[in-house]
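Look for subunit A in each of the two complexes below; its partner is subunit B in the first and subunit C in the second.
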Partner chain A sequence: MPILKSENLKSFYILDIYGKKHVIQAVNGVSLEVEESEIYGIAGESGCGKSTLVRVLYGMIEPPLSLIDGNVFYKRNGEFISIFTLPEEELRKLRWEFISYIPQGSMNILNPVIKIIDSFWDFIGAHISKDEKEKMEHSLFEFFKMLGLPSKTLYAYPHQLSGGMRQRVIVALATFLNPKIIIADEPTTALDVVAQRGVIQLLKSIQSFLNNTIILVTHDMGVHATISDRIGIMYAGNIIEEAKTEEIYEDPLHPYTQYLIKSLPKIGDKSYKVSVPGTPPSLANPPSGCKFHPRCNYAMEECKLYVPKFVEVKPKHKVACFLYSKEVDS
Partner chain B sequence: MNFVRRYLIPRLISYFLVIFVGITIVFIVPRLSPIDPVQQMINTITTMGTYMDPQAIEKLTETLKDLYGLRGSLWQQYLNFLGRFIKGDFGPSFFRFPVPVSKLIADSLPWTVGLLSVSTFLSWLIGNILGGICGFFYQKKWARFLENTAMVIRPIPYYIFALILLLIFGYFLKILPIAGGFSIGTTPSFSLRFIADLVKYALLPLLSMMTLGIAVTLQSMRLIVQNILREDFIVFAKAGGVKNRTLLFKYVIRNAMLPQITGLALSMGQIFGGALITEIVFSYPGMGTLLYNAINTGDYNLIMGITAISIVGIATFILIIDLLYPLFDPRIRYR
Partner chain C sequence: MTDNNYILKVENLTKIFTLGNIFSRIKIVAVNNVSFEIREGEVFTLAGESGSGKTTVARIILGFHEPTSGKIIYKGKDLTNLNKEDRNFFRREVQAIFQNPFESFNPLRKVSSYLYETLENFNIARDNKDEVVEKALRSVGLSREEVIDKYPTEFSGGQLQRISIARALITKPSLLIADEPVSMIDASLRMSIVNLFKELKEKSNVSVIYITHDLATAYYISDKIAIMFRGEIVESGEVEKVLMEPKHPYTMVLSESIPEPDPKRRWKKQISLSAFEEEEFLLKGCKFAKRCSFVMEECKKQEIPYFEINGRKVKCLLYK
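Up next, the complex of A and B:
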């Protein structure tokens, strides 16, 4: 049962540079379904549009980003609602209670001049009544205890906490109201390995405890291997392959995914990591046909002309590549 | 304790150092000038046609040297100068001989400081709040309007405002006085009447200076806010549905204020030099007028006195703001 889905989602940055219009096709026709209580991973190289995609899924579309086409639905009380038709205030209320979002760049994500606890109440207080707030004061400390976070961190300023601790506090902040869906954009990228593990474990334990759905963005395939249930591989604004995690690692179909998997270091393997050859495509002026064709070893004539359709070629395994299906996307 | 050692003491040291260096420069600069003030004075007197015999000139030279603090070796002069500076003694003024410079400054300073500290602080505060709101609601029409107004006002010299305000309120409407610091015939006192009188006289100069001050602060604040809005913590707070009011004041303005606080210290320090043109337009008895007269008449002692006071003023304000700054920014408070 999906809890969040998007249909042919298109969202572009429209920039006006010295009177010349530039369009960056950051999200270009993404259709996905995220199941209830799963951890859905989104992977792909830098600049492929991961952050933009989740921002649109969260409904945060502000200039220069604009919605071009498509729709995003959340399932609330058994019914799908389109978030773009919701009034601003309704959407604000959904946030944190139904869906929360941890943006990328989490090192400076908290107001530097107020204490952590003040940030908590600014966020939480915006979604609950005054009476509820009084009751919750106690449960906040309980919650911190449960997550294994020292409660004195609540009285610290952001700069007094280590990066890993800050990130865990942010995860706590995003999950305190027990939202159905949590979107986390690169929550571990800025951290060292040990702190990374702490954050991943925290996310995982919250998820198994509260049974939320998590959409996890990271370009780190190692992190996906440890936590994601399903993975969508993104390339130049599109999801080009999607399957269960084991399936992606054992049988990657798309040539791009194969590179990503091969680039994973293995224990005992001293050889250099294989990286994807060529340069990432420009989203302002993407290649024709299959956007991967300039970098693809298997590229055929049709790859330059037509866009391969995103189809299920194995059970629960979708891919957009002419090697597996000749269906053309219209 | 750590705070005292790592924050307070270094700042106190630099405070005294800045004043010391500044005062030393005040001592050196006039001595580098090719003009000999003593000779100049004597020339002025003789060209006015007064005949003086050599002996009288000799005597006059000695007296003048005394008054200018020019007696003895350079080193002795310097020590003397420092000693007198600490006592607040800058010698007699020449254009109002023999009134001591310190008395002239003491008479003008309250006017200037009163007028300018109020106008500087208020325009800083109002400008920041308006600029914060403008930057935050940059997509709204009225914000754009406010911003454009500031842009139009900004290049207009403030004495133009002074003149316009003077014409409107002083000549045509005749509701506000056009010149002076208080009504002729009243004696300064702490009565409510006198204070009301003061405010009445200060209103036009205040308005004329604040209009520009607000416009300038508004523009710089709006720029800072625009950058703050792109910060991750604002994006996150918006994502978390934090209420707009909280977002504006606690997240945007509070952070954008931090760089502005330093700016306040600088402009507060500058008020000791007075606001020459405003003071002239409104015949306000402040430091600007005093400095103007001092320069016009080549009154070295007075110029040096005013410069010294300005140096102490700027340094003191910077020290005060430096000491208050940790209250606003916890990153400095706890290190």
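Up next, the complex of A and C:
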């Protein structure tokens, strides 16, 4: 049962520079369904629109980003509601309680001159009344204990904590109100491998305790392999392949995914690895047809003219490539 | 050259930073007694988590920081007291590549001006500048036409990093110091930069100090590796041995924590992280003692010496 879905979502950055209009097609027709209590991974290189996609899914559309087309639905109390028809006040109430968003580099958002716990009251103030504060403090300690985080970190200043611990505290705080959906945008990117493992394990244990849904955005395919249940591969503003994690690694279909998986270095393997040829496309002026065709070895005439449709070619395995299906996206 | 074909020798390097004001001072030992050697045509990796001192080592070698104590010997010459001529020679021979290519280039200057400036600074190729620039760019898979008259914003991160490598190659260096050169580059292009270092090593016999926290690429390109933790090298040796059969408990945690791109091999054990970094820096004995699962009483009391096991050095009392 999907808990969040989007239909033909299009969202562009529209910039006006000295009277000249620039349109950056960051999210260009994404349809996805995220199932209840799964970890859905979104992978792709920087500038492919993955961060923009999750911002739109969170309903955070601020100029210059604007919604062009499509819709996002959350399933709440058994029915789907479209978030773009909700009044701003309603949407704000959903945040942190129903869906929470951990933006990129969020370990640096803590106010440096107040203690972590005071920052937390700042964030959460809108959702609790003053009388509840004392009770909350107690359950916050319980929550930290359950996740195996030292509770003395709550009374530390941000600079006293290591990067990995700061990130884990942020993740814990963002999930304290038990949201149904957690969106984590590159939660481990600036961390070293040991701290990264700590954050990933924390996300995983939160998910197993609270049984919620996680949408995880990262470019690191190693992280996806260790935590995601399903993966959507994004390229130039669209999801081009989606399947179960094992399936993506064992039998990637789209030529881009194949390159991506093959180029990953592994310990214990010194064989020569090649990266994807060419350079990532500019979203301001994307190539015609299939956006991967200038870099693709299998490119055919039709790839330059038409956009392949995102279709299910194997059970639960969707891909947008003319090698597998000749259907054209209208 | 003395010390048969060691190109760079670092001996007991220590750097202490003092924090705070006159009322409260903390001494942070950023680099503690670090020694290693690099041979000609060898890729040497300094790996470790953020704050382990790996960048500080590179900055000391490049002369950005004065070491508190210790020696750096490059081709038989001590770097801490060089005369002007030797310093020029060193600057030509040793070139650096930094982490973020968008920060290493001034956005308002044309990229090619950096290449020509390097030529001028080192007085190379007075007559055929264009040719030398073309050659350097060709060796990284670009051409002069692609680069000339363009600003940094017109390139992708991968291309800019290639250009900064091309710039470094202009002086025909014997040693490249690459500080996290691929951490800002996309996964799909990362290997092309890593392969470049591999090619340079194989074709031109250039030595590389590769500083990274990404052990998978480190394994892919390097010959030797040193694992740093809180300013100390805890284990060093051949990369296959160190990463495949780690001896030091920290290296074990580290190599276990690499997220492998294989969904069948997921982690089962939980690990513990340090909450307060400063505390670990100030520990007396082994800095990993608080998190180590093999910790003994004596680990916390004394400075741990290095023990040698089959050609690698391990700083751990388990191998006494």
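Rule of thumb we're sticking to: the second predicted complex is superposed on the first by the 326 of 330 C-alpha atoms of A that agree within 3 Å, B and C clash if a C-alpha of one lies under 4 Å from a C-alpha of the other, contacts with A are read in each partner's own complex, and residues count from 1 in each chain.
The rule we apply is simple: contacts are C-beta pairs under 8 Å (C-beta built on N, C-alpha and C of every residue); 3 or more make two chains touch, one makes a residue touch a chain.
Just so you know, these numbers come straight off a predicted model, no measurement behind them.
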**OP:** With the two complexes superposed on chain A, say which partner A:Phe73 touches: subunit B (first), subunit C (second), both, or neither.
**Re:** neither
**OP:** May I ask you to decide whether A:Asn111 touches subunit B, subunit C, both, or neither, giving the answer as first, second, both or neither?
**Re:** first
**OP:** Considering only touches as defined above, state whether A:Gln160 meets subunit B (first), subunit C (second), both or neither.
**Re:** both
**OP:** Look at A:Ser275 in the shared chain and tell me whether it touches subunit B only, subunit C only, both, or neither; answer first, second, both or neither.
**Re:** second
**OP:** Could you say whether A:Lys93 touches subunit B, subunit C, both of them, or neither, answering first, second, both or neither?
**Re:** first
Original post:
Given the touch rule stated above, what does A:Phe120 touch, subunit B (first), subunit C (second), both, or neither?
Top reply: neither
Subject >> First (subunit B), second (subunit C), both or neither touched by A:Tyr58 >> reply: first
**OP:** Would you check which partner chain A:Pro103 touches, where first means subunit B only, second means subunit C only, and both and neither mean what they say?
**Re:** first
Subject >> Winner by number of subunit A residues touched, once subunit B and subunit C are compared >> reply: C
**OP:** Could you give the residue numbers on subunit A that contact subunit B in one complex and subunit C in the other?
**Re:** 160
**OP:** Enumerate the contact residues on subunit A facing subunit C in the complex.
**Re:** 45-46, 148, 150, 152-153, 156, 160-165, 168, 190-198, 200-201, 219-223, 225-227, 245-246, 249, 256, 259-261, 263-270, 272-276, 279-280
Subject >> List of subunit A residues in touch with subunit B within their complex >> reply: 58, 60, 92-93, 95-96, 100-103, 105-115, 118, 122-123, 126-127, 157, 159-160, 170, 173-174
Original post:
Residues of subunit C touching subunit A in their complex?
Top reply: 48-51, 156-159, 186-192, 194-195, 213-217, 219-220, 243-244, 253-255, 257-264, 266-267, 270-271, 273-278
Original post:
What residues of subunit B sit close enough to touch subunit A in their complex?
Top reply: 231-233, 235-243, 246, 250-251, 254-255, 258, 328-331, 334
